[in-house]
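Labels run A, B, C, D and E following the written order; every chain starts at residue 1.
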Amino acid sequence: MRYFIKRYHPPGTPPGTLAGPAPPGAATIRVTVYGEDGFSEEQVADPAECARFLAATRITWTHVQGPVDAALLQRLREVFKLHPLAVEDVLNSGQRPKLESYDDHLFAVMSLPVMREDQPVTEQVSLFLGHGFVLSFHPGAQDPFEPVRRRLRGGTGSMRGRGADYLVYALMDLTVDQGFPLLEELGERIEDLEEELLRNPAPETLREIHRLKRELLFLRRMLWPQREVINSMLRDGDHLIREETRLYLRDCYDHTIQIMDLLESYRDMTAGMVDVYLSSVSNRLNDVMRVLTIIATIFIPLTFITGIYGMNFGNNTKSPWAMPELNWYYGYPAILLVLLAVALLLLLFFKRKGWL
Amino acid sequence: MRYFIKRYHPPGTPPGTLAGPAPPGAATIRVTVYGEDGFSEEQVADPAECARFLAATRITWTHVQGPVDAALLQRLREVFKLHPLAVEDVLNSGQRPKLESYDDHLFAVMSLPVMREDQPVTEQVSLFLGHGFVLSFHPGAQDPFEPVRRRLRGGTGSMRGRGADYLVYALMDLTVDQGFPLLEELGERIEDLEEELLRNPAPETLREIHRLKRELLFLRRMLWPQREVINSMLRDGDHLIREETRLYLRDCYDHTIQIMDLLESYRDMTAGMVDVYLSSVSNRLNDVMRVLTIIATIFIPLTFITGIYGMNFGNNTKSPWAMPELNWYYGYPAILLVLLAVALLLLLFFKRKGWL
Amino acid sequence: MRYFIKRYHPPGTPPGTLAGPAPPGAATIRVTVYGEDGFSEEQVADPAECARFLAATRITWTHVQGPVDAALLQRLREVFKLHPLAVEDVLNSGQRPKLESYDDHLFAVMSLPVMREDQPVTEQVSLFLGHGFVLSFHPGAQDPFEPVRRRLRGGTGSMRGRGADYLVYALMDLTVDQGFPLLEELGERIEDLEEELLRNPAPETLREIHRLKRELLFLRRMLWPQREVINSMLRDGDHLIREETRLYLRDCYDHTIQIMDLLESYRDMTAGMVDVYLSSVSNRLNDVMRVLTIIATIFIPLTFITGIYGMNFGNNTKSPWAMPELNWYYGYPAILLVLLAVALLLLLFFKRKGWL
Amino acid sequence: MRYFIKRYHPPGTPPGTLAGPAPPGAATIRVTVYGEDGFSEEQVADPAECARFLAATRITWTHVQGPVDAALLQRLREVFKLHPLAVEDVLNSGQRPKLESYDDHLFAVMSLPVMREDQPVTEQVSLFLGHGFVLSFHPGAQDPFEPVRRRLRGGTGSMRGRGADYLVYALMDLTVDQGFPLLEELGERIEDLEEELLRNPAPETLREIHRLKRELLFLRRMLWPQREVINSMLRDGDHLIREETRLYLRDCYDHTIQIMDLLESYRDMTAGMVDVYLSSVSNRLNDVMRVLTIIATIFIPLTFITGIYGMNFGNNTKSPWAMPELNWYYGYPAILLVLLAVALLLLLFFKRKGWL
Amino acid sequence: MRYFIKRYHPPGTPPGTLAGPAPPGAATIRVTVYGEDGFSEEQVADPAECARFLAATRITWTHVQGPVDAALLQRLREVFKLHPLAVEDVLNSGQRPKLESYDDHLFAVMSLPVMREDQPVTEQVSLFLGHGFVLSFHPGAQDPFEPVRRRLRGGTGSMRGRGADYLVYALMDLTVDQGFPLLEELGERIEDLEEELLRNPAPETLREIHRLKRELLFLRRMLWPQREVINSMLRDGDHLIREETRLYLRDCYDHTIQIMDLLESYRDMTAGMVDVYLSSVSNRLNDVMRVLTIIATIFIPLTFITGIYGMNFGNNTKSPWAMPELNWYYGYPAILLVLLAVALLLLLFFKRKGWL
């Protein structure tokens, strides 16, 4: 996993500069025009064409899917009269979610959470809301906003009759709600890890926990500011967000809080799991040591005793003090009984200590 | 334990959509109508029937017990003229407690804490407060609001003479107060665990502590926002909450704080318990190692000495340097005394080290 | 130590209910009446009698010492026209400190910290302040407010000439200040523990630290809200607290902050002590292991060598390869020198490693 | 180190009481009078004399150096018409820094950080600011404010022409800035400790870290509130602090923040050092265990083999199965080669494990 | 790494004192004058010369590169009429970033993050903004502001046509943005460390982690306040910062937040890495112990058995009880089988325990 994902111009570059190598692949521009009385959609090749769709009575939604280059952005900037600082942020992906309010348009950066190769990552979604138009960018391969277009196409609900602010809400809500399936999957992964932790903790388990912590940290960093973005829209976007849309934004705000809440409890859980892991490692060491101790401390004295009678003093036949035991009639069985007794006494001692 | 308990629509679903598989079982609808001059209660089969109970002079409390499906909700929504966004949240259970204020009604989600199979869980309680009516939902099997109905039925206190806002207060207070018996039980469990921890800490003890931490974390996540719900009612619910009811809500607010306070101290306590557990494991390892060390280090040198006299140099009868000790008259008792002396010296050394 | 000390009515009980088993023992009611021109005190048997002391020109302080039952409270409530919600909290002891402001009286719950059997506990003090009267409750056996009564009796200072608000301040200040001797004692206990920790850390030391942490946690929970209580009085109690008393309350507020400050540093200290303890346990294990290792690793190779010459190959007199050493003239002293050399080499190795 | 350093009256003492045993030693009172046109200083014996220095056109700075007793304070209180509550706090040393604003004077408690016997401690500085006078107290042996007096004496800068509020600023700034040399010394101590930690960590190192943590904790507790004291002066001291002095106070406020910042990073550093210490202890245990394991596991099997040929089966000359090896021609060299082979195999195994 | 880097005057020095040893090396003063209609730059030797460049219609940017001494500062102070307190802070390097607003100029201290000998350090940048002039200081060897001068020189963008406030913004933005390449490098170092940690954790790895933590802590301390500096400019610098520049400052503010965000996640990551390191050390100890235990506990009982038959009881030919096994025909093979059986049983036991 990469820790630093932000693209940035070299320090000292004038603000609003659009530059950088053209990314591989090309972007597609899809213009959707709708109003209470109709709906049309078209794919355009030249960004300058977008201008002809702008109309006072209808909502024009221009969506740029795929990697954008500086030239394309420059031309879009001219068509929609966007602020250079905002446009620069579309190019410099890896942005933290934020809301910038300009004279006659709002600019929002959102983080779309997706599962990529079993890893949670976020993709930057850039949204412009102006009078009667919405301009959206997503650098990925697949258009995440297809469900919204489908709703417009089918005329479901009253969406066609609502303003551009409602469209931006719908796009934001879709972006935010992608967090739920992702968190559901992560939640299942935590449950699995926890079971593994209790049943059979291995170094891999800890590595998994560590990876999870890192991913949750990353998600938190990229999703936490969305809460503030939507809150700012509720507070500041006076002239562009209508009162009736605010109710929906509040619902969306609520979702961001639920997602942060879940992320926080996931993080707390994984922190506790490290403790459990470390203690289970300690416990196993304890078990190993106990078996070693019991066997070693039983046999070491016994071996000492056999060592005594392995000494060659018995060869001295001249002295009655020289290992007379060797010559006793029941000497050997007696010593075996002594060994047995010592072993039993030690076992009793361990039993008392609670080590058996 | 499940970490992700929220039900949600697929991202991109229009807000206010009521859909999803019908849950097993059926809901029962119980309508209670009361005023200063009377009281009646009835169970209705068709939600449309509820309309006939609504009256200007009396309070109508409609309680839906058990799992609700989309169709039922849709019909209730029409009878009571509720906001679609709120109604959606009744269906998507596992919500975080929250308060939404609409033009002419309030919608509150609360978490009812209950002990289910020895585990603290929460069940979603949804409450609507409008002019002269209260609509409540509880998806569980047993009606938790029976005590309130009993109070109304018996005419105890001045409850019949108060407004719908007081009824909502009573339902909320009941929901919040269910936290006390639950926390009492958890408190006892912590006391038991602590005693076990000091007397006989086993890996199971740690697992219990971990489980407890998880449950407290979960409870905190589901109960913490209730504080904000009641605080919002005190601040915002101007036209629907009367001044005299605010005093009671403040009391209820106080209870939510007491519950969070307790939860926080429980969490702090369990955190300290992990330390104690880990150190007791270390201590035991220490004990084990000390016994091993003492026995091994006493007998290893002794065995070495017996090993010396077990060497076959004594067979060399030609050299006077070849283990003359073997042939000494008091050789064997002397070596036994040497062994004893070495053992005593080592014991003295351990005594000095403070290991005995 | 109990974790859950709050008494509560079963959920669903109407607010303001006074019920519960009568506690053992009886309460005594002591009425103190004073003004600039006089002072009298009397013990009354019947709460209804209190009414006759209430007068416009003097301050009436009614103190109820010992366990109260529902009936007594009910009668006091009628005499002083108190709010039912407040009176309920007098009965349900174990409350968190709080301030409730009613139309014409204030109700405050405070925690009196005391040392009971070497354990810091808190006892609930309930205070009502109305126009010209103060009503105080303390469930314990000994009257903690005797010093204030003594000041009134002796006419010390200008206390008799001040209002009921000043009396409440004096009672609160006394309650808060009881924290100082208690914290002094706990501070000494921490110093003792720390010395023990550095000199001779035993498992009991950790248990003591754990117990201390628990007690500090408990004290913090019960004392922290007092800060807010006094702050609320400064901010909200407009009509009942006069400007000149505010200065004194600010001083009392300052004391609550000092007490919380101390509690916080105590908690931080005890947290650090667990680290020191755990590391001293590790160090001891290290010491034990080092001695074992040194002795074992010196004697194990030596014993191996004696084992070689204990093999019975020497009996084979037919082969010149069969342990010729045994028959050398200086074989035995030579092997002893070899053993000595091996031991010295190993000691040198350990010296180099810094283990000796 | 003492944890509880506050002096306090027994709970229940009337506020403003001046009492307590007279401290050993006597205070000296030094009065400095200055204005744009002159400067004089004098040491007075009787506090009542101070009155004669008070004048409308000049600034009178009375500094009391050394331990004060109740009688002295009482007389000063009368001369300067100070509030009893404030005066009490001069006596009860060990106070937390605070600012109290009375009708016509400000009272500030500050903590002067000093190094005493290699330990950072704080000494209480009490300051009164009234119209045209400043009264300062310092209980220590040496006057810390000599540099300010020297500036006044020398007429350096425009200090003589500024008001009493500027003098209080100068005294506070001096008090706060004493934190810099102290923190510089502590910083060097941390650097030394860190080097020791990496080079040769001993149990004493941990004790030093623990001591440092305790001292930083203590300093933080005593210095942190100074930030709030100076902030309150900037906000509240309207009539006594002139606009032009505020700029200087802001600079002083900045210094308190820098000091807290440093303290916080020091604390974070020491927390990390405990981790490093514990892990180095673990590493050493690991090293010890590895050597033990290698030597023991090599020689234990070898010793077993010698044990086999130490058995007396060879004496049985009747059975061809009874240790025929003993009678082989190359039996002894063969067994030595076997021993060598086993040892080499085990060494290879450890090499593979990466333990050598 | 040094922990205390601030230079400070001895406590008690009058505020605004310019003193201290002259640093080695000399500063160069470069004056850049520009407006919509022109641009010129010049290096001056005498600070007094700067006065002649100040003009009402153009912007004068004076940049002092290299170490400044008190005399130089004093003369610049007079030319630009700067506040003494601010000028003092230019001299006392190692300042925390801050913004001071004086009557007719703003003074800002910023931290320029740079990589010096593989260590992240910060260099103090001091900026004065007045009407029509900017005065900047940087004590290092290389001028960090060359990119801005190049932009002015080339006339790129509209920079020449904007005011002095925009120039200050450009300098600040450059200073802040230097954090990105630095954080990118640190991010890569963390990734490397993490890989090393998982592949081959050595004590050096922990030391590296510790070093990294220290560096991140240091960076955080020096960069965190920049956020507040820029925020204060947005809020307070009314008369000197024009509305159009605020938009750019907001963008710069956003960058400071992104940098703090990254620093925080880096810190969280390194904290988790210590856990992983410690557990991998534990795991290795476990592995070592397991091998020791297995080999020791297998051979210790076997050696005991050989010890038994090494006892000299067999020499007693008179008793039939004296080790008759020695004389059995298949005695030796039998005992070898017994040894084998014991070894296999023990291996089976370990297999069962999961230790093999």
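Observations
Just so we're on the same page, a residue touches a chain if its C-beta (ideal position, glycine included) is under 8 Å from a C-beta of that chain, and two chains touch if they have at least 3 such contacts.
Nothing here was measured: the structure is a model prediction, and the numbers come from that model.
The chains in contact with subunit D and with subunit E alike: there are none. Remark: rotation between subunit A and subunit E after Cα superposition is 70° (nearest 5). Here the spacing of subunit B and subunit C, counted between their Cα centres, is 25 Å. Distance between chain centres (mean CA atoms), subunit C to subunit E: 40 Å. For subunit D, residues that reach two or more other chains under the stated contact definition are 278, 282, 285, 289, 292, 296, 300, 303, 307, 310-312, 315, 323. Residue ranges on subunit B touching subunit C, taken from their complex, read 147-148, 151, 156-157, 159, 173-174, 177-178, 180-181, 183-184, 187-188, 190-191, 198, 247-248, 250-251, 254, 257-258, 261-262, 264-266, 268-269, 272, 275-276, 278-280, 282-283, 285-286, 289-290, 292-293, 296-297, 300-301, 303-304, 307-308, 310-313, 315-316, 318-319, 321-323, 353, 355.
For subunit B in complex with subunit A, the residues that touch the partner chain are 1-4, 6, 8, 10-16, 83, 85, 95-96, 98, 100, 102, 203, 206-207, 210, 213-214, 217-218, 221, 274, 277-278, 281-282, 284-285, 287-289, 291-292, 295-296, 299-300, 302-303, 306-307, 309-312, 314-315, 323, 326-333, 335-336, 339.
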